[in-house]
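Each of the next two complexes has chain A plus one other chain: chain B in the first, chain C in the second.
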Partner chain A sequence: MTTENVFELDGRPLRFEDGETIFEAARRAGTAIPSLCYDPRLNAFGGCRMCVVQVEGIAKPVASCTTKITRDMVVKTTTPKVERLRKTLLEMVLSENPDRQVSADRGLAASEMNDLAQRLGVRRGRFAGATSGKSRPEDDNPFILRDYDLCISCYRCVRVCAEREGDYALGVKGRGFATQITAGFDRALGDSTCTYCGQCVQTCPTGALGDKQIMRFESLSAAPETTRTICPYCGVGCSVDLVTKGDRLVGVRPAMDGPANKGALCVKGQFAYDFVQHADRLKTPLVRNEAGELTPASWDEALDRAARGLTESIAKHGRKSVYGVASGRAPNEAAYAMQKLMRMLSGAHYIDNCSRA
Partner chain B sequence: MSNPLEDMELPDVIFCIGTNMTECHPVAATRLKRAMANGAVMVVADPRRIRLAEIADLYLPIRVGSDAALLLAMAHVIEREGLVDEAFIAGRTEGYEAFREHLRPFSPEWAAPICQVPAADIERAALLFGRADKGAIYYTLGITEHITGVGNVQCLGNLALMTGNVGRPGTGINPMRGQNNIQGAGDSGAIPANYPGFQPVVDPKNAAKFERLYGRSFDPEVGLTKVKALELAGRQIHAMIIDGENTVVSDPDAHHCRRALEALDHLVVMDIFLTETAQLADVVLPATSWGETDGTCTNTERRVQRLRAAVPPVGEARPDWWIAAEIAKRAGLAGFDWKDASDVFNELCSVSPIYHGLDWERVAEGRYQWPVPEKGHPGTPRLHEDGFVNGRGQFKLIAYQDPAEVVDDEYPFWLTTGRRLTSYHTHTQTGRSEAIREVLPEERLEVHPEDLQRLGVKDGDAVRMTSRRGDVTLRVKATERSRPGTVFCSFAFSNVPVNLLTGSGYDPITDTAELKVCPVRIEREEAGLPA
Partner chain C sequence: MSHQSPEDLVGHWKGAEAPLLPLLHAFQERDGYIREQALEAISQGLRIPLADLFAQVSFYHHLTLEPDGWDAPRVCDGPVCRQKGSKALLNALPGARPMACSGRCDDPIPVLRRGQLTVGLEAGGLQTRSSPLPPPPPDGVRECVFAKIREPDRATLKGYRGTGGFRGLAWALEADPDALLERLDQSGLRGRGGAGFPTAAKWRAVRDAEGDPKVIVCNADEGEPGCFKDRALLDHDPWAVIEGMLCAAFATGASLGFIYLRYEYPETYGLLEAVLEEAHREGILGEDALGPGRAFHIHLRRGAGAYICGEETALLNSLEGKHPFPRNRPPYPVTHGYRDKPTAVNNVETLASVPPILHEGAEWYRGLGCGEHSGTKLISLSGDIRRPGNYEVPLGLPLATLLEDWAGGPPEGRRIQAVTMAGLSGGFLDARDIAEVTLDDPSIRARGSFLGAGGIIVYDDSRSMRDAATDAMSFFADESCGKCFPCRIGTRRLLERLEGSAGPTAGAEWVDEVKSIGEVMQQTSACGLGQAAPLVTESLIRRFSEDVGWKHEGADPS
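Presenting the complex of A and B:
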C-alpha cells in the first residue's frame, strides 16, 4: 500500500489529484481516451460512453470521464472488450447520422467525431437507417447554422450554454432516437435568450452546429492558418485565434487557453470581424486640396503636410497651440508614440485619449 | 480593476452598479453568472431593467444620476448596524471618524425619494453587502459619466474600505474598461497629468527623468484635457492630431464638437475608415487595422497581451506608431527611430515603472498583470494586498448632488445612453458586418409602454427627441426595460447622433461628460423618418 495518491494506468503507476477522474489523469499523462460528450470546460456528463475503460474488480467497463480515481485503482484503457464496445457504440451513433462529410471550418471541434471514427476504424452505414434530429433551415439567424441531421445528442451545446454562458438558451426535447436540441421552446435562436456568443458552435463535435460567418469562405481552397491575438472590442481582452486562408481573414475562433476568457467569446469578438477587409477601408493618405476636397496623396506628401501644419501652428501661435488625441482602441505602441510626439513637439502635456467621452 | 477577472467567480456578494455587463463585457458577466450558480448573491442598481437586473437577487431601479445617494445610504446602514470591518479600518485606513459623522443624516429614508426606490430595498442592499465575507463591486461608465463621477467612485471606495473588501480574492472595486485598450492608452502616457506608467507630470523628479530620456524640458503643470482643448479650439488650440477616434459622433454636444474641429487651422486624423471626424480633416492618414498590426494592449485587469497581424494591411495603410514617428521626424524631432512595434514597446517598458519588468518577449503569452516592477517579478493580479501605494486608504466625505440638468415641464424625460450587445462604440467596426446589421438594423429609443401611451405613440412610431442642445428623430421601442420617465438609446448609429443632445455638464476633476443623464422632450414625429 502506498500512502500517496497513486493508481495504475495501463501497467504504469501514475499520481493523481484528489477528485480527478480517470479520463483527466490519463489525458494529463498523454493517453487520449476516446470521447465524444467530453469538453474539458464542462462538468462531466457520462452520456456517450465512448470513454469506457476496464477497472480491476469491476465487471462492466466504466465511463472514465465520470469515474473518480481511488488510491491503488488498476485501470486498463485498451482491452479488447472496451475497444469492441467503443466501436459498437460509435457505429450506432454514426448509423443515425447521414453519411456526409462536413467542413472542419464549421467550428473548433467540428471534426471530432469524424476523426474518432477514423481512429477507431469505424465506417458509417452498418446500421444504416433513418437519421435522428431535424435540421432547422428556417432559423435564418446570420451566425449559427443548425444542421441537426448531424446531431448525436451529446448535449455539449446545451451544457456550454448553461454552465459556461449562464444563458440557458438551448434545451432538449424528447428522448432516445427522438431527442432533439431546441432553442427555448422549439423556436428560432433569435426568439430565445441566445446572445449569439457562438460557444455551442465551437463545442459541437459533429458540425451539426456551424459558424455561418466562417462558412461563407468554405470554397476558398487555401489551407486555413491561425494567428493568436486579442479581441478588438471591449476591455475584457479575450484571446482569439484569427483564421486566415491566404490573405483573407475568414473567421475567428476562441482561444481555450486565453487567460481572460478561457475559451469564451461574445457575439462581437466571435463574429464582427468583417470591418478589417471591408471595401470602405482607407487605402491611401488623403489631403485637402485648394477646392476643399480630400484627394489621394502619397505618404510623403501627406506626412510632410501633417508635420508642416503642426510646426507652422507652433511658429504662429506658440507651442501650446497643438494638441493630440490618442486612441483607446489602437495598441499601446500607438498611444506611446502619440504622447511622445505631442510632448516633444510642445513641451506641454497636451495629449489625451478617448476615455473621457 | 483592483482584482483579476478570475476573482469574479469568487465573491459571495456581488454589487453591480451602473454596468450593463452582459451586453458591454459579456465574457466577464459569464463569470458572475457562474459565481451565482455557486451560491453568490447579486445586488444590481441601475436605472434600466437590464439582463443583470433580471438575474439579480435584489434589483434597485434607481433614478439616473442618484448613485451617490444610494451609496451614502448603504454606508449609513452598514455603519448603524455595526457591519464594518473594525480591524481593517484601524489597520489600513484613515478618516473613518469624520466619515461616520458625515454619514449620520443619510438614512435610507433620506435617499429613497432621491433614488425613487423603497427605503427597505436600500436597507436590504446594505445589509447584504455589509454582511458579505467577500463582497465585490463592479461598475462602468454608469458611475463615471456624470458630473459627480469622481465622487461616485469615491463613494464606492468608502463602501469597500469600511467593509474591508479590498486586497483579498473575490473582493475589490472593479471598473470594467469599455474599450480594448483604453487602459493601455493611459498606461502609455496618453493623458495630460501623467508620463507613461502614471508618473505625475507635476513631480519634478519625473520631469527631470523625462528631460534626460527625451532630451528636452517639459512643463511642470498638468496639460489640457481633450474637453478643454476642444473648448479652446480656434482660440488657443489651432492644430490637432486625432488617432482612431470618431470624436464628432462619440463625444457629447456634437454640434459644439464639430464647430470646434472646424475652427482649427490644421486637423490630422489617423483612422481605418473615413469617419465623420476624418471628413473634417486636412490630412487623413490610413492606419493599419486590428488583424493587420503587431503590438500590445492592456485589458481591464491590467493584463498586457500581444496583438498579432494575421493578414497584410489593405492598400498603403501603415501602423499608427509609424505614422506618429514619421510626423515627428518631419517636424525635426529626434528619438523616433523605431524599427518595429517591439522597439516601441520595449522603450515604453524602459521608461514606465509599472511595465519595467516586461518586454516584447515576456508579454507573448499574456501572463503578466501590471505592476511588474522588475524582471523576474510575477506580476500583480490583485492590487492592495499588503497595503495601498499611497499609505492608508482615505475615506472621502462626498455629498449627493443633482445632475447638471434635471427634468422639468419642458424636458420631462430622463435620457440615458449606453451600448448594446451587438454594437460597439460608434459602430464603425461592428456596423460593417452584414450579419450584425441584420440583427441590429437601426437605433430605437427604448420607452416604457405607459409613457408611450401617455405620449400617444405606438411601438415602432417615429418620434423627435429634443434636449437643450439639439434634437434627433428615431423610432421607439416599447419595453419595460426602461422605467417610466426614463428612456434609453445608444450612440452607435450616425443617423441618430444622440450626442447632439448630451453634454449638459462635466465632472470638474476629470472633465468626463455627463453622458448618462440628459433631460429631453419626446414628441411624435408626424413626418416620419427621413428615408
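Presenting the complex of A and C:
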C-alpha cells in the first residue's frame, strides 16, 4: 500500500486528486477514453457506457466517467474485451439513426459521434432496425434546429440547460427506445422557458441540434476560420470565436476556455451578430436638421451639438433636467468617465447603467 | 376531493415527505387525467421545473395526459395472462390498453380501471375479489414467513397479536440493536428482492453512516412478471411487514419510513392505509414507537406504473420527485439514499422474515433450509401448472419436487417444456435443468441463471418458446428506462430480432447479432434490467435452438 494518491493506468502509475474519476484522470494524462454522454462541464451521467474500462478485481467493466479512483486501483482502458464492447455498442448507436451526414457547422460538438466512429474504425450496417428520435421541423424558431432524427438520447442538451444555464427548458419524454427530447409541454422551444442561449446546440454530439443562424451560410464554399474575441454586447466579457468564411461573418461560438463564460453565452452573444454586416448599420453619427430629419454628421459636429443641448437644458431647467445612462457595453473605465462627466456637468446624481435592469 | 382547488391540493401535500406522486394521483383522480393546469400548480408549489414534471408524468404508464385517459381499462398483458387469453380480453373491452404483468398471475386476468381492480377471463365476467392466499404446504414442511398467514384474522391487529405477532420486536427491544444484528447475521438472511445482499450488513452500514434522519424503505413495487409474493404478504399479513420495518428502524436508528407500493395493487393500498392509520393511532408507530422519545413514522406511497422503480435507486428518485432513472453507484443508498440520508431499502419478504427470525432464533431459521442451505424463499409459481400460487420452499428444494409434488405438475396430458427463473429476468431453464436443479442460488447460477425474487413461470409443450422469449423481451423493451445506451437500444434490437421485424431473421447471422447485443447489454448496462434481459435470448439460443430457427438453416450456433 502506498500512502500517496497513486493508481495504475494502463501499466503506468499516475497521481490522482481526491474524488477524481478514472475518466478525468486519464484525460489529464492524455488518454482519451471514448465517450458520448460526457461534457466536462456537466455532472457525470453514466448513460452512453462507451467509457467502460476494466478494473482489477471487478468482474464487469465499469463506466470510467462515474467511477472514482481509489488508491492502488489497477485500470486498463484498452483490453481486447472493452474494445470489442465499445465497438459493438457504437455500432448499435449508429443503427438508431438514419444514415445522414450533416455539416460540422451545426454546433461545436456536431461531429463528435462521427469522429469517434472513425477513430474506432466502426461503420454502419450492423443491427438494422427502427430509428429512434423524431425531428421537429414545425418548430420554426429562428435559432435552433431540432433535427432529432439524429438524436442518440445522451441528454447532454437537457443537462446543460438545467445544470449550466439554469433554464430547465428541456425534458426527457417517455422511456426506453421511445424516449424523445421535449421542451416544456412538448411544444415549440418558444413556448418553453428556453432563452435561446444555444448551450444545448453546442454540446450536442451528433448535430441533432443545429445553429440555424450559421447554417444559413452552409453553402458558402470558403473554409471557415475562427477569430477569438470578446462579445461586444455587455460588460460580462464572454469570450467568443467568430466564425468567418472569406470576409463574411457567418457565426459565433462560445469559447469553452473563456474565463468569464466557460462556454456559456446569452441569446445576443450567440445569435445576434447580423448587425455587424447589416446594410442598415450606422457608420457615422446622425444629427437632426432644421426640418427635424436625421442627417449624417462628423463626430465634431455631433459632439458639439450634444454639449450644447446638455448645457442649454441645464441653464434653462436646472441641474436635475439631465440624466446619464452608461451603456452596458462600456468598460468600467468608460462608465467611470461617464459618471464623472455627468457630475461635473450638472452636479446631479442622475446616473445609471443599462446593465442594472 | 372533487371540490378541492389545485392550490388546496398542492397546499395539502406541500410540506409532506415525498409529495409528488400522491399529488399526481390526487389530480388524476380529481380530473380523470393530468391537466396542464395541475402541472403548473404542482410546478409552482413543489418548485419542480415544468419540463421535468411533464417528462416525469410521460414516463409512468398509469399517469395520463389525455382527457379521460384514466377511464380506459388496463388489461394485464403479462406472460401468464397472455397464456390465458389476454389478447382476446383486450379486444373485447372497449378502449382497453395492455399493461405489464400486474402481479395476479395466480388468478384470472386482472383489469385495472379508475384505480379499481377486477379479475376475469371474459369481458362480462369481471369481478372484484380478494387476492388468493398461498396454498397450504405439504405435510411436514416448516415455514417462516407464511407460517401464520393462513390464520383467520391474521391481517387485523387483534388477529396478529393473537397469533404471536410483535414477539420479534419485543425480543429486540429487550435486547439491543447489536444483539438484533448479531442474530440476523447468524441467520444468514439475504435480501429477497433479487440482489441477495446480506440484510444485517446493510442495516449495519446504515447504522454506522453519518446523517439524520435515517430511513427505512419497504420496496413493495413488485414489478417483475410472474412475481406476486409481496402482494400475498401485504394483503394477508401486513402487520408482519410493519413489525419488520420497526425492527429495521430499531437496528439502524431510523425514524422515517416509507412503503413504496406498486400502483397495480389498489386493494393492498386501501388495506395498508388503514393499517398505518391504526398503527399510528395505537402508538405502534409514532413519536414513541420504539420506546419513549424514539420515533418511527411510515408513509405509504404509490408508484405509477414503472418496473424500473423497483430498482432501489430509481425508487428513491421516484420518491423524491425526480426523473426515475437509476442513480450511479457508489455512493449506495446505505450512505446516500432518500434525500441523501442513510437509507435501507428492503424487500417486503426480507422485512417479513425478520420478526420470526428474531423470535425463534438464527439456528431455527438456518435449519429450515435443505442440507447446507439456510432458510426459506417464497416462490411465485404460475403458468402451465395445476396449482399456481405462492409457496415458501426450503432453500435447496429440488425444483422438480416443487413443480410435481407441491403444485400438481402440468395440466392433464401435457409435459413441462420450460420454466423461467427470477420472473423473466433469469431467462429459461429446460426440462433437463428442471430435473437437476435445486432451488438455491449456487445450483441455479451454475446453469447461467439466478433465483432473483423467486418468480417461476411454467411453459408446457404446447407453447412456442420463441413466442415466450418475444413476450419477455417486449416487457424489457417497454420497461427500459432509457438512461443507458446498451439497454435502451439493445432491448429494442433483441425484440425486433425475436419478432423477425428487422435484421437477419434466421441463421448464423441472427445468432451472431443477438449474441453480440446480449454481451454488450450484460457487460455494460447501468442496472440490473439491461444486464439481465439478454438472459432471455441467451437461454433461448442455448436450450431451445429449434425454436430459434437456425437449425433449419443448417447453421452452427457457436
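The criterion applied here is as follows: the second predicted complex is superposed on the first by the 280 of 357 C-alpha atoms of A that agree within 3 Å, B and C clash if a C-alpha of one lies under 4 Å from a C-alpha of the other, contacts with A are read in each partner's own complex, and residues count from 1 in each chain.
Rule of thumb we're sticking to: a residue touches a chain if its C-beta (ideal position, glycine included) is under 8 Å from a C-beta of that chain, and two chains touch if they have at least 3 such contacts.
Computed from a prediction, not measured in an experiment: that's the story for all the values here.
First (chain B), second (chain C), both or neither: which does A:53 touch?
Once the two structures are laid over each other on A, A:53 reaches no partner at all.
Under the stated touch criterion, which partner chain does A:25 make contact with: chain B (first), chain C (second), both, or neither?
It touches nothing on chain B or chain C.
Could you tell me if A:196 is touching chain B, chain C, both of them or neither one (first, second, both, neither)?
first
Just chain B (first), just chain C (second), both, or neither: which does A:236 touch?
Touch status of A:236: first partner only.
Would you check which partner chain A:116 touches, where first means chain B only, second means chain C only, and both and neither mean what they say?
neither
In the superposed arrangement, does A:204 touch chain B (first), chain C (second), both or neither?
In the superposition, A:204 contacts neither chain B nor chain C.
With both complexes overlaid on chain A, does A:338 touch chain B (first), chain C (second), both or neither?
first
Would you sort A:92 into first (chain B), second (chain C), both or neither based on which partner it touches?
Second partner only.
I want to verify the contact counts: of chain B and chain C, which reaches more residues of chain A?
Between chain B and chain C, the winner on chain A residue contacts is B.
Identify the partner contact of A:172: answer first if only chain B is touched, second if only chain C is, both if each is, neither if none is.
In the superposition, A:172 touches chain C alone.
For chain A, give the residues common to its interface with chain B and its interface with chain C.
In the superposed arrangement, which is not itself an observed complex, chain A uses no residue for both chain B and chain C.
Name, in rising order, each residue of chain C that touches chain A in their complex.
36, 39, 49-52, 54-56, 58-59, 306, 308, 323, 328, 330, 477-486, 488-493, 496, 501-503, 513, 516-517, 519-520, 523-526
State the interface residues of chain A toward chain B in the complex, per the touch definition above.
141-143, 163-166, 190, 195-197, 212-213, 227-239, 242, 244, 247-249, 258-261, 264-269, 271-278, 280-288, 294, 299, 302-314, 316-317, 320-345, 347-357
Could you please specify the touching residues of chain A with respect to chain C in the complex?
Against chain C, the touching part of chain A is residues 36, 44-50, 52, 60-61, 63, 66, 68, 81, 85, 88-89, 92-93, 95-96, 126-130, 132, 152-153, 162, 168-179, 182-186, 192-193.
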